[in-house]
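Got some structures for you, see below.
Presented sequentially are two complexes of chain A, the first with chain B as partner and the second with chain C.
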Partner chain A sequence: MPIFKTPFNGYSVKFSPFYESRLAVATAQNFGILGNGRVHVLALPPSPSLPLSELVAFDTADGVYDLAWSESHDSLLVAAVADGSVKLFDTALPPTQNPLRSLQEHTREVHSVDYNPTRRDSFITSSWDDTIKLWTLDRPASIRTFKEHAYCVYSAAWNPRHTDVFASASGDCTVRIWDVREPGSTMIIPGHDFEILSCDWNKYDDCLIATASVDKSIRVWDVRSYRAPIAVLNGHGYAVRKVKFSPHHRNLMVSCSYDMTVCMWDFMVEDALVGRYDHHTEFAVGLDMSVLVEGLLASTGWDELVYVWQHGTDPRAS
Partner chain B sequence: MEKAINRQRVLLDHLRPSSSSSHNYESSLSASACLAGDSAAYHRTSVYGDDVVIVAAYRTPLCKSKRGGFKDTHADDLLAPVLKAVIEKTNLNPSEVGDIVVGTVLAPGSQRASECRMAAFYAGFPETVPIRTVNRQCSSGLQAVADVAAAIKAGFYDIGIGAGLESMTSNPMAWDGDVNPKVKAFEQAQNCLLPMGVTSENVAHRFGVTRQEQDQAAVESHRKAAAATASGKFKNEIIPVATKVYFIHCFLSKRNSSQVTDGAGAVLLMKKKCGNATFAAVGVDPAIMGIGPAVAIPAAVKAAGLELADIDLFEINEAFASQFVYCRKKLELDPEKINVNGGAMAIGHPLGATGARCVATLLHEMKRRGRDCRFGVVSMCIGTGMGAAAVFERGDAADDLCNARRV
Partner chain C sequence: MAMRDLVAGGAACAVPGSSSSNPLGALANTLLGSSSKTQERLKEIPTATATSSENRFFQDVEDPLRALPGAEFEQQPFSHPGGQGSEFLWGFRSTDQNGLADAWDEIERSHVPRPSQANVPQLDHVYDRGPQLQPTVYGPPQRVLSNFLHSFVESSHGGIPFRPAPLPLLGLSEGDKQCIRDRSSIMARHFFADKNEDFINAQVNALLSSLDIDSDAHAKGRLPRRFRDLEDYWNESQGSLRPGPHLADGWISEFSQHRLDHSDPDAWAHAFERQHGANSCVSEFEQEQLLASMDQIRGANIPNLAAMEQTRMLAHTLAQNNDPKFQNSKFLQFVSKMSRGELIIDDNQVKPAAGPSDWATEYQQKYTGGTSWADEYVRDEVSHGPDRWVNEFATEREQNGSVDDQWVNEFSKLHVNDWVEEFGQQVEEGALGDSSADAWANAYDEYLNEQVAVKKQSEASRGVYVFSDMNPYVGHPNPLREGQELFRKGLLSEAVLALEAEVLKNPDNAEGWRLLGIAHAENDDDQQAIAAMMRAQEADPTNLEVLLALGVSHTNELEQAAALKYLYGWLHNHSKYRTLATTELANSLHYANVARLFNEASQMSPEDADVHIVLGVLYNLSREYDRAIASFQMALKLKPQDYSLWNKLGATQANSVQSADAILAYQQALDLKPNYVRAWANMGISYANQGMYEESIRYYVRALAMNPKADNAWQYLRISLSCASRNDMLEACDRWNIDLLQKEFPL
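Take a look at the complex of A and B:
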């Protein structure tokens, strides 16, 4: 299976929504604690026994914690940088002409960025300054700032169906649902007793949301009745860093954790854990499922490796 | 710095949440202060674009001389395959090589130098690539690597090959002609003529290395070499040599000294970013020449700005169990880090090739072990009273100097 070794520690990996063989990786030097960052744009090889090849790379002054591909332009990337800036990169332009823009508004580390898949003109960033900001590609300043969380907001994700709705996961142990047309959050889910590091919407049921927490569990919630979760998925040995619903199967989701594994779950089944991959030798922190190729997974971690593999196969096989 | 401490705290809270409420969180984790202190092993090296790096290292199988697989092989036929391998496996254009330096000890100087030139032609090098030999007895192979590195740093050329070659079948250890009677007046000069085995006994007696310790070291060397061979650990570094025999077998002898051996090795160096090596040669009493590594290793390690504890892997030539055990004990080295795939007692000591062979074995093992294995040392004692050692550093712990643009 194709792999890529990054010089810095991996933080996030995302498949391009336009090209099935293209993906981008966000990395940070010295585990994201101190140093520079780099965004790599990689291409899948024609044969799985070959390594991934790098198309272009962009350097940043601080670590890159997350990135998102634009849904409107096939060569645009948005990067969430640890120095509080949000940077726009154009992969069609050489590194010297990049970044196109650097948006400096967050006062602390920007931890996630998500591009609106339906409206396609806007994206949200979440930060350790407890806020989420809404931006569009053409405006130099944010359109709105959502400030309610009491601690770092680790993740913000657009609802795949409702263009104005998104969810945010925070270290204040809550998930908030927002509608950009409303002044404040529309729902507060006290999902876990410990920090919530990631959230993602189900792609087939717009009322289902999954949360991943420091309490090592993943919970699936129906926002219509969020008093109790629909499912509690245990199995990770340490805090769960990221969770992602499958774009192809309603019940499937993947997660990655500080326990260095990537797990696949079917939350409708009693024995929910349907696959575990332990290819990483350090914290597994970045994860994505391809929308264009069914079953194609990508992961990255602090071991400076990016793996791309088909679900059911061994990521390390050559 | 405040930012870094904060980020660290946020991450630590994911693993060991300091929740104010009395929730049940089973965490077997606890944070501890970094024990590295100021240790050099944890400092990243800044690298300048003109540093020297080792790109490839290969060797032939090593065979018992006179009776082993290479007993009918010409010396130049031992060198040619490794020279060819470092070029083919790195896709290098041979005409880009600035010089080839071959460590070689026992053969008559000019003839061996000619044989090396011929070997280069067999290997496909054009006539425009020069070649020379170097002789510092047992360290010649390592000295060749050091000479090429120094020449690259001096700017004589950008790409070079340091190699080693010995056919103890063709050239057994011997002294031609008579000895100058003057040596009787100079004890140290006279001691240069001591048979190596006698110097080994001297070390054993003077420093109290028991027969049992020597035999134990020999057993360990054979055991590790057998395990390494069986598990295929040498397959990446060994280049096959076509000879009259259908297969080349690694002979293991039941002795606590290295066997006389035929073999060759080659190391490709070039000027590029990342990677580092320091080299030291020292002199010691010829009568106890085996103590060479005990003096050379600290010298090389110090020259590299490190401490012995920073070194993760050693290849110390096992000329004799007595001197090997002495050096290991004197420097208080962890035996688990030394000659992990066996040593000369099992594998053989083709005098001039040993240095290059050890470099190949060391670097391949460091690569297998990954980032944890950052620094390695090759060292040997040298007949007539010297020691040589070189420190090698992995390339990926070095940063190119870079300033990311602030936008």
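Take a look at the complex of A and C:
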């Protein structure tokens, strides 16, 4: 399946919600510790034996940690940059006319961005400044700042059904559930004893949320009864960096880890580990599942490679 | 006392790299917190209230912002906070390809002193360090830096301790340093997942001290507010009597410089000059050469070689790791190339080295011909050439090390203990001038109490039954009968006390424990219910009702494995279905197997309500709610008077987003048993799920009035209060003031 080599270390990869053959990759130099960043927009080849081709790339002054496609405009990308800025790119325009906008409000590294899939007019960013910010495309400043976490907020994700609800995962070892109509968080789940690096909502059951932690485990929670997780998925050898529910199967989810692997899980069965992909040779930190093509996966890592493959096949086979 | 522990630091939060022999580091830590965000502090979870900000809300409402719900909560909609750190990044990185080199040259030319030194000129006097000479560095500093960052990240692969190595001053600005410091400390906690905090801190400190990044000062952005406040109180309370915070900062950074880097090349060189003067080397070198090379040595080159040596060792260690993945790691290759000088970092790009431009090579060629003096120095083997000089230098280094220690000891005698104690006293006496200091202490104590409560709860989940403190039924002639009577009347909390008295008297009374468990379950306390039921099972391992109840309670707590074990046990001990339960199954209880067994059982005797109940519970476990509802409805046809069954049906309907139906089912349960706390609470949940928060509050309050110990219900009530914008009643909720709540929310 197709592979793409990035000059910098990969941080995040996302399929376009509009074009089944398009994806974007966020990268950072020197592992994101110091240096530049670059966003690549890639096209899948017509035949799997051909390599991925680059449509356009945008450079940034600091590493790009995450990005999200707009749900309302097919060419719009939002990038979370380590210098605290949030940048909007129009992939239909050349690099000289980009970024369309640079939103400088976070005081620390922006670590994640998530576009609202139901309202389609807003997005949230989470940052190492312990806050989450809510933005719309038509405003030069954030609409709101959510500040309750006591440590870096590594990820924030909208609920797929309730348009005003999102969850945030933080290094303060909690996940918080927020409703933007409320002044504060509506729920605090002390999910792990170690930092929580990622969270995602189940796309079929709007009460289920998965968390990934430095404690190497993934936990699945029911927000109606969150005192105990409904599943604990062990199998990664190091901290779990990202977790994502399948857009097509209620019980499936994927994760990537500092153990350099990508894993697929069925959280409802005893032997939850469905598959393990060992294709990366450095930390695997970026991961996505295509909404438009069932079973199509993409991953990137600090080995500077982007892989796109069909679940069940070898990512490295070409 | 909690405050005392915090002030004294405690072993858990000692600054790594500053062992017990580093009292000032400990002080810095206690006052400022360490810059890296330690887990210890993270575990404090602040409550999620918007308490003090009530009048802020709605203050700056601008109409257009109403476009998005919740926008009105933002108090400064169009503010543009100018991040200090990022300002630097803009300036530095906006330079293009050649910009980095230019920026570097500029730093070189202008001889900008490092900011940490600029802050504390007076300390140079105090400690007689003499003037600092600005080193001259040949070759781009990015190379050294990148080398270090890479070997740092690399060190996570094999869990290899990352040793500090002396590096030249890289001309990193404060912003750059902050970037490296913060990002590496945060990321290190992710890569070194299975290492302890000390190890991680040691790794990060090795990196930071090598880069001469002060790990304590200037990390203000990262201090949680509570700690900031304390620092402010301290500064305020000290007023003009004490050295101000500025000086304190200076001491700390000064101290770290001394402390973290015994082998600081400047320090060696200074000590050497001070004690021997430059002349002592003249016998070996021409003075001119010496002066020139002294600067170079002091600046970059020995450290550079030491760094190379370090990467060489790292490469060696990694080569011994058997994991083929780590063997093939590009990092490894990168690092080993780096160690051989084959790669350099230029203008932010890795390039093959462009010949012997590197000083080390030059030096070798110029001065020693064949054998590398530096290599010998690093390996501590001296075969020929300027060996006396080297020896003296090495001796000097040792002496200098002990001088450093003396300095530390003297310093600690002088000030540190006083400071810490005094600060502790200030706090104890409440002399910090502000009642919020007390509030802080109270909040902390509260937090500790919460932790204790949580621990107690987790003990209960492990099956330890927690008895009530005061029990009027102890000594009652027949507490079991009393308990049964109270239970029948629906006075569940009273019944619990009577039954506790019974099992205290007769710990082997399975019926007493079972009824106690059921009372707790109906009272919406599954943890205690499980604990009681487990005791009942110990007393009578084959009691079917107990096994079923345990299965249900574990399902409620979402503990699938345990639930399956007991449900299987139910089948295994049932006279009718015993044949279905084969022993080999008992060893590998998978959900699918157990569900299959019960389906078979239901075919064997479709008129047995209990089997349908278990099936309903099982389908709840697998979240197949439609099937679960069907099973419970089937059971209800056979047992229409079973109030707990109505409750189960309602809960299942609520789970499958049929909250309106659920309310009807709960109403049935309550008609049959008006004091059924769990059904009242569940009713509240169903109303809340439908967005009818006011209604839900009334039901929660009713449930809590009957059993104030229903933990879950308090939490639900809190959520509903905030959703219904009744933040005014949150305090009553937090204080468990049920009288006030009942008055406010009558049913």
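Everything that follows uses one rule, which is that the second predicted complex is superposed on the first by the 318 of 318 C-alpha atoms of A that agree within 3 Å, B and C clash if a C-alpha of one lies under 4 Å from a C-alpha of the other, contacts with A are read in each partner's own complex, and residues count from 1 in each chain.
The rule is simple: a contact is a pair of C-beta atoms (placed from the backbone, for glycine too) under 8 Å apart; a residue touches a chain by one contact, two chains touch by 3 or more.
Model, not experiment: these values are computed from the prediction.
With the C-alpha superposition on chain A as described, chain C and chain B clash in the combined arrangement.
Contacts of A:74 after superposition: neither chain B nor chain C is touched. Applying the stated contact rule after C-alpha superposition, one finds that A:258 touches each of chain B and chain C.
Once the two complexes are overlaid on the shared chain, A:215 sits against chain B and chain C alike. Of the two partner chains, chain C is the only one touched by A:134; chain B is not. In the superposed model, A:107 lies in contact with chain C only, and not with chain B. Contacts of A:229 after superposition on the shared chain: chain C is touched, whereas chain B is not.
Look at A:20: by the touch rule set out above, it reaches neither chain B nor chain C.
Looking at the superposition, the partner that touches the larger set of chain A residues, chain B or chain C, turns out to be C. Applying the stated contact rule after C-alpha superposition, one finds that A:59 touches chain B and leaves chain C untouched.
Overlay on chain A, chain C versus chain B, candidates 189-197, 369-377 or 603-611: the clashing stretch is 189-197.
Counting contacts by the rule stated earlier, residues 31-34, 36, 61, 82, 109, 128, 152, 171, 194-195, 197, 214-215, 238-239, 241, 258 of chain A appear in both its interface with chain B and its interface with chain C.
Taken in their complex, chain C has these residues touching chain A: 37, 39, 41-46, 48-50, 53, 57, 65, 67-71, 73-74, 77-83, 85-86, 89-90, 93-94, 145-146, 149-150, 153, 156, 176, 179-180, 182-184, 186-187, 189-191, 193-194, 221, 224, 325, 328-331, 348, 556-560, 590-591, 622-623, 655, 685, 712, 719, 722-723, 727. Residues 3-4, 7-8, 10-11, 13-15, 17, 19, 21, 23, 25, 396, 402, 404-407 of chain B are the ones touching chain A in the complex. Residues of chain A touching chain B in their complex: 7, 31-34, 36-37, 59-61, 82, 87, 99, 102, 109, 128, 152, 171, 193-195, 197, 214-215, 238-239, 241, 258. Put simply, chain A touches chain C in their complex at residues 29-36, 61-62, 82-85, 104-109, 121-122, 128-129, 134, 136, 140-145, 148, 150-152, 164, 171-174, 176, 179-188, 190, 194-195, 197, 205, 214-216, 222, 224-225, 227-230, 238-239, 241, 258, 260, 268-270, 278, 281-283, 302-303.
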